[in-house]
């Protein structure tokens, strides 16, 4: 298995969300996997779990960068749990590790990730999330990912 | 010296700003010191240095939570440099350590701090900074600090 | 691909070592891969690179937990670079993420990892490394991995 | 108050110790304060608390670099709690922030600090602690501090 030319796409968002948004998160994960790329997320529930479930349903690979010291706190769709034990500061690791990110929904925690990503110059697509200059808003998972890939390629 | 009943007030903002805003940052530091409280900041230049200079000019105490591993990178007005070596993730330490915060100006880095502070339920006053729900905007340093102290007391 | 029942084995050691020890590090990586398990390391050169090269030569999977913010600093045998930007403190993330570890050679940096691993109760095998109570010393990579697997199973 | 020419001395050791060693830790803190210097420690109980109590008893200043996100977890003798929320990885911040360190007693956690300090080239004095090349062993707090000051000056 050679992963050297694969993109790492971050999907960020809260640990709870409406059914509609969780479906979009799942779709994001599926598209990332179908493109042969790697999902990076925070490894917990809600948007993170939906995206990871989507990626695994399409045979993809998932990395979960956890706030705690316990890999067992990852959701069941995480292939590679990274147990940082640095709490919310792990948001910066998610951003550093991702080539580009999609933010979906989310509260203040997601805003720290969006801001960190924009600070680093990462491309950020948004779905029903914070309206911050630099975040490109989209309706559907497909549109968001089309944008991400148009920039990465 | 007994510091046990003193507040730790965070002043957050970018490493460069207009003269007018730097004057306000300096005023913030002075007011914090005049109240016998402790300034917490990121320890570098711009808003951080102006606030620390203001605090020292009024005989106050300043803590600088640095991104690097080198205490020598602190600005000259920092009494206690904390050399975290965790980069921008040190923004979370500034927030955890502060009882309340004033954001002044700032770009995406400051937005990570604002979001982290609001996530923790900290009171955040803003001067010419990001318009985020939860940040109370003010014109002057005095007004911002009056608000901070009205909440802390 | 289902990685849920795979072990994550950490290989820790310095960024330079003798040819003989690098050969042993490479062997460690190969054995981990042949067992279908995942190599976790610090992602840089020396022992880390040799172990990752060994794992890839046997079709394994490698995670590199980097000190910097740049995934591009990983050695060429790392599948999944994690860009922590927390400097040497990333040693704790390597340890938290690994089910068991092998230390090979190494200076003070490796000692921080050994100590962190023992503190967490992780099994630690050692090859030509620090003589610390709790580290079980071995001559060969095979012996070290036999011990690791005798404990994990 | 001008703290710019003061040394920051780290005292590291476990959260429990014998009465005899706690007395020595307290003495270390007292000597640091009597020299007009600043105590840096992990902010919790045992050796950390004893050293801080000693420093405060002599009118000194104490910084506690905490593993948790809650400044309220500091022992009562800490003037400036730094709430890192990065767990044991905060040990690296203690070391980066200190000009020199004394290790007293301690288990694996203290060993991570000793190793991190030696890696950075910091002077480390030891009292009844790990026998690691680079740690200079002493019987009494006075001897350890005499050594520290002979190097710092």
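A, B, C and D label the chains in the order they appear, each numbered from 1.
One rule holds in what follows: a residue touches a chain if its C-beta (ideal position, glycine included) is under 8 Å from a C-beta of that chain, and two chains touch if they have at least 3 such contacts.
Bear in mind the structure is a predicted one, so any value in this text is a computation, not a measurement.
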### Query
Does A-C or C-D have more contacting C-beta pairs?
A-C
### Message
So, comparing C-alpha centroids, which chain is the farthest one from chain A?
### Response
D
### Summary
The distance between the C-alpha centres of chain C and chain D, rounded to whole Å, is 31
### Task
Express in whole angstrom the distance between the two chain centres, defined as the mean CA positions of chain A and chain C.
27
### Task
Could you list which residues of chain A touch at least two other chains?
69, 85-89, 92-93
### Summary
Within the complex, chain D is touched by chain A residues 69, 85-89
### Query
In their shared complex, at which residues does chain C touch chain A?
1, 3-4, 8, 38, 59, 61, 63, 65, 69-71, 76, 79-86, 89, 92-93, 96-97, 120
### Query
For chain B, which residues are in contact with chain A within the complex?
86-89, 92-93, 107-109, 111-112, 115-116, 118-119, 132, 134
